[in-house]
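What follows are several structures.
In the two assemblies presented below, chain A is common to both, partnered first by chain B and then by chain C.
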Partner chain A sequence: MAQVIQYLLNGIMNGALYALIAVGIVSIFKSTKVVSFAHGHVIMFGAYFYFTFAVILPGAEFMPDWVAKWEPEWLLAYKEGAAMFSPKAAIAAWVSNLPRIVLGLVGSIVCNALLAVFIERAFMRPLLGQSSLSMILCTVGLIWVLEGSASLIWSADIDQVPPLGPNFPIRFTVFDSQVFLFSSSVVNFVIALILFIGLMLVLRYTRSGVAVRATAEDQSTAYAMGINVPAVFTTAWVVAATTGAIAGAILASRNGLSPTLGLFGLSVLAVVLMGGLDSFAGVFIASMIIGIFEAFTQWQFGGEYAEIVPYVLVLLVILWRPNGLMGQAEIERI
Partner chain B sequence: MITGNFKTSYAADESLWNNWAKRYGFVLAVVFLLVLPLFADNYVLLLAGQIAIYVIAVTGVNVLVGYTGLMSLGHGAFFAVGAYTTVILHQYVEHLFPLITLLVSIVVAAGFGFLFGLPSLRVKGLYLAVATLSANFIILFFIRQDWAAPWTGGRQGIETPNAMFFGQEMLSNTQKYYFIIPICLAMVLFAQNLFRTRFGRALIGIRDNDHSAEILGISLYAYKLKSFAISAAYCGAAGSLWAYFFPAILPEDFSLNLSITLVVCLIAGGMGRTLGPVFGTLLILLIPEMLKIVSGWATGGDGRALIHFSSIRDIVFGLIIILFLIFEPMGLVSIWDRFWRVVARWPFSK
Partner chain C sequence: MLQINNINVNYHHAVQVLKGFSISVKPGEVTALLGANGAGKTTVLKAASGLLPLENGHIEDGDIIFDGHSVRQVKPHLLARKGLVHVREGRRIFAEMSVEDNLKAATYALTGRKAGQGIDQVYTYFPRLQERSRQLAGLLSGGEQQMLAMARALIAEPKLILLDEPSLGLAPKMVDEIFAIIARINREQNVSMLLVEQNARAAFSVSHQGYIVENGKVVLEGRIDELKANEDIQTFYLGMGDADGEKSFRDVKHYKRRKRWLN
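Right after this comes the complex of A and B.
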């Protein structure tokens, strides 16, 4: 029983991360009808920007010392006498890392937004009006461009980055059984959840959200109603890239940073298709299902089998519901 | 546009080489391929063999993507099925005649194609692309497993057998070249011929509008499945030849990268045309060679530049896809067409 709860929780934590990445793919699809195969690699760029601003830049000569390691008087006093691996020590370590974490996050969000604008302007805009298949293939081409440039700019070695939240183990009992979690993964979970719900609310209740939904419904009518459709496209890419930057920072702090991070995007693509491309709710459910299934597979069959779980599940679901769990069926006319 | 292409009978109009340019072009190509080993060195032959194998596979992808209009990102798996079938057959029967293994690989791959094709009626477009991509991951995963290692070599890969022709082992690249090229030519011609038949035209009908095709009496399911099987069979043949051509195979050889490369070759060459796969494969496989030459000039043979070689190659690959999609969506074939149109009508057209 203890292990069931343990792996269930692990699965939900992972599922939230899936949802955070998937939200980018869905927001691009909803407004532009393009499914970005390169989203994983945009995320990888976010992770590398985070690495640049949180590790490389604070270590540079011209930066003041407090950016790399912030140790005001009261923090030293607080840290006094804290045992290793205790929450107190972990929080103190986190606070002293805080300046570079903030710098890293801001830097990666800004840079990723610029990257998204560039991609949209340079590669996607010229394809406007062509079949969506060729736009999708264009994002496949982007995979290689992004992967190549990442290993050209940064080295292909695996690097470490500071986690977003304080990292200490949490132990508590549920139904008389011990459950164990890392606080940083709880923080990641909360961040993912807030971003996901926030985006959904923005799309639902703000003017720009309505513009995005109108564009998704019918581009030319949206144009006629005075909606700046190209601006909506750019916004969608920027939203995807900024959520991707945060997801990248989380992923990099969890699994380490390497150019193979981009492959994660493909399994998220499976998640998105399983949920239904145009449904935030469906994608959220699919993320949770896949996250939990992965955790249980890891428990029962070992980590190796976990890597094909998203693909097996998406195949099964697509056979049963060709448009994903909650996706809208496309109406075709002859 | 070919000038001087008048016909006096229906048979001439329907023939495989329906104009003189195709006829003489084919003869020239055959002569060129026959004499190539006389003045090419070992490395060129290696490249040529590799290109021929890719041409077979891309022609297979063309049948499905270019002619039937179904997207697939999983053809690397069929390639793997062909290659591993060949290797496994040789484990049970020694000194098997290569054409028999080739045939068996084709049949097995076609069977897998049927299996992959099953979702294709219900699942369309992008969902199909991701379904095939998933299948690719799953098949490779099982090949990599330890319990499959006695047959497939697991993640370490496995040594492949040499082809034996009547007790004579094929070792040199020249021999392998002469083994592969006729098969490649035959398979490309078969594809060209396929789309003169009722069957091929039905596939084109499905691509152009599947509902209309169904109204005209084409069974969508049967034709889509057959298209999947044929295209998988091509990739299976390519995989089988791949196993003979290279000393060893690894599961990584057939990863998603291969599947995407095949599609990229098709886009660069031109979808739905026989020559598309040939041009596309030539371009994509020769780019690394050209890059090597260019980087050799740029750095004066400095070895340090080679560290970045694979990154630069990736970027160039990606840019080629994107630039082709933006500026030349019909691929190299349309440039080729334009060129000959200008030549044929000179000086009245540019």
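Right after this comes the complex of A and C.
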């Protein structure tokens, strides 16, 4: 029983990460009807920007020391006598990292937003009004452009970055059995949840949400009705890239930073297809299912199978519901 | 209100659709544009509302003047915000959104202007839409969808509405209802309209002025009374034969000859 709950929790935490990556793909698809194959690589760029602003820049000579390691009196006093790996020590370490974490996040969000504006202006806007297939293929091409330029600008070596939240194990008892979690996973989970719910509410209940949905359904008609469609497109790409920057920072702090991070993002596309390309709720559920399924497969059959079995499930679900779990099929006239 | 001066339009720089096309829409009037399929009527509306570039269409010569300004290069959303609204062929409502959200989307055309008449005001023309304001627009009947498309245009406080085949696919009774609303909007809101139609009888019932288009050119124009009296129009658009039944083939040839001469 303990192990079931343990793997269930691990699965949910992994699922939240998938959801955080997926949110960008859905937001681009919802407004532009373009499936962005390059989203994983935009996330990778976010991770590298985070690395640049949280590791390289604080280490530069002209930066004041407190950016790299912030140690005010009260923090030293707080840390005094804390055991290794205790929550106290982890929180103290996190607080002293806080300046560079904030710098890294702000930097990567801003830079990724600029990257998104560039991609949208340079590659998507000229194709406005063409079939969305040409835009989709354009994002496929972007994969290699981004991957290549990342290893040009930075290096292909694996680097470490500071985690977004304090990292210590949380132990607790459920049904008389001991389970444990990493606190940073909980932080990631909360971030993913907030972003998801926030975007869903904006889309469903605000006037801007109406503009996005109108654009999604019929670009040229929305355009002729006074909605600034190119601006909607830019916004969608910026939303995707900024959430991607956060996802990138989280991924890099968990698994280390390397250009292969983009491929991981690409695999999340399967999760998005399972949930339904245009449904935030469906994609969230699919992320959780895949996360949990992956964890249980790993437990029962080992790591090799965990790479395959969840995606077989994706295929089965798509056979059963071609538009994904909660994807909207075209409305038939009654 | 709207003046199209001698424009040439082609698609993909390969297919010439309009050749030296000119019309003018007078303020407060409904102007009808009649013609066979493929004559270029819809292209005229797309040229006026700025949608042509999205479909690889190009205006080569001439100019389009709306409200005293050239609008050849203006983006569609800015035109809508200036009061030129296009109700497109096949209604093009947002099927997966509720009726109310469809209307809310249309309020973007009011950006940068004083707040227009509210949704409630527009519902007075379309009481049936009010009853269904929460329903998904895709589940409305054809006639209701056409009403929604026109309601969306009305929200935008238009000076000119471009109406593309409002009678498309509707039952005769519904066509009458739609055209009654068109006449009422024109009368009460003093909105000019450019109306593209296949149903000439319905179009004539609301229009003040008309143009007959063939192969991308205007072949006949005039006030509606003049057009109604025109023998060719009676035969080929209104379906009125002579008293002794169908016209003979020789007369059809006369019509063709006449058209060639007009070309």
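Points worth noting:
Note that in this section the second predicted complex is superposed on the first by the 327 of 334 C-alpha atoms of A that agree within 3 Å, B and C clash if a C-alpha of one lies under 4 Å from a C-alpha of the other, contacts with A are read in each partner's own complex, and residues count from 1 in each chain.
Here, contacts are C-beta pairs under 8 Å (C-beta built on N, C-alpha and C of every residue); 3 or more make two chains touch, one makes a residue touch a chain.
The shown structure was predicted, so the numbers you read here are calculated from the model rather than taken from an experiment.
With both structures placed on the common chain, the touch criterion links A:120 to neither chain B nor chain C. After overlaying the two complexes on the shared chain, residue contacts for A:294 are found with neither chain B nor chain C.
In the superposition on chain A, contact of A:218 is made with chain C only, not with chain B. In the superposition on chain A, contact is made by A:142 with chain B only, not with chain C. Once the two complexes are overlaid on the shared chain, A:229 sits against chain C while remaining clear of chain B. Residue by residue along chain A, chain B and chain C are tallied for touches, and B comes out ahead.
Taken together, the two complexes place residues 330, 334 of chain A in contact with chain B and also with chain C. Residues of chain B touching chain A in their complex: 71, 118-119, 122-127, 129-131, 133-135, 137-138, 141, 145, 209, 211-212, 256, 260, 263-264, 267, 308, 310-322, 325-326, 329. Contact residues of chain C toward chain A in the complex are 49-51, 53-56, 75-77, 79-81, 85-86, 88, 92, 94-97, 101-102, 104-111, 136, 138-139, 152, 156. Residues 35, 123, 126-127, 130, 132-134, 136-138, 140-149, 151-152, 266, 269-270, 273, 277, 304, 307-308, 310-312, 314-315, 318-319, 322-324, 330, 332, 334 of chain A touch chain B in their complex.
Those residues of chain A that touch chain C in the shared complex are 128-129, 207, 210-211, 213-214, 217-229, 328, 330-331, 333-334.
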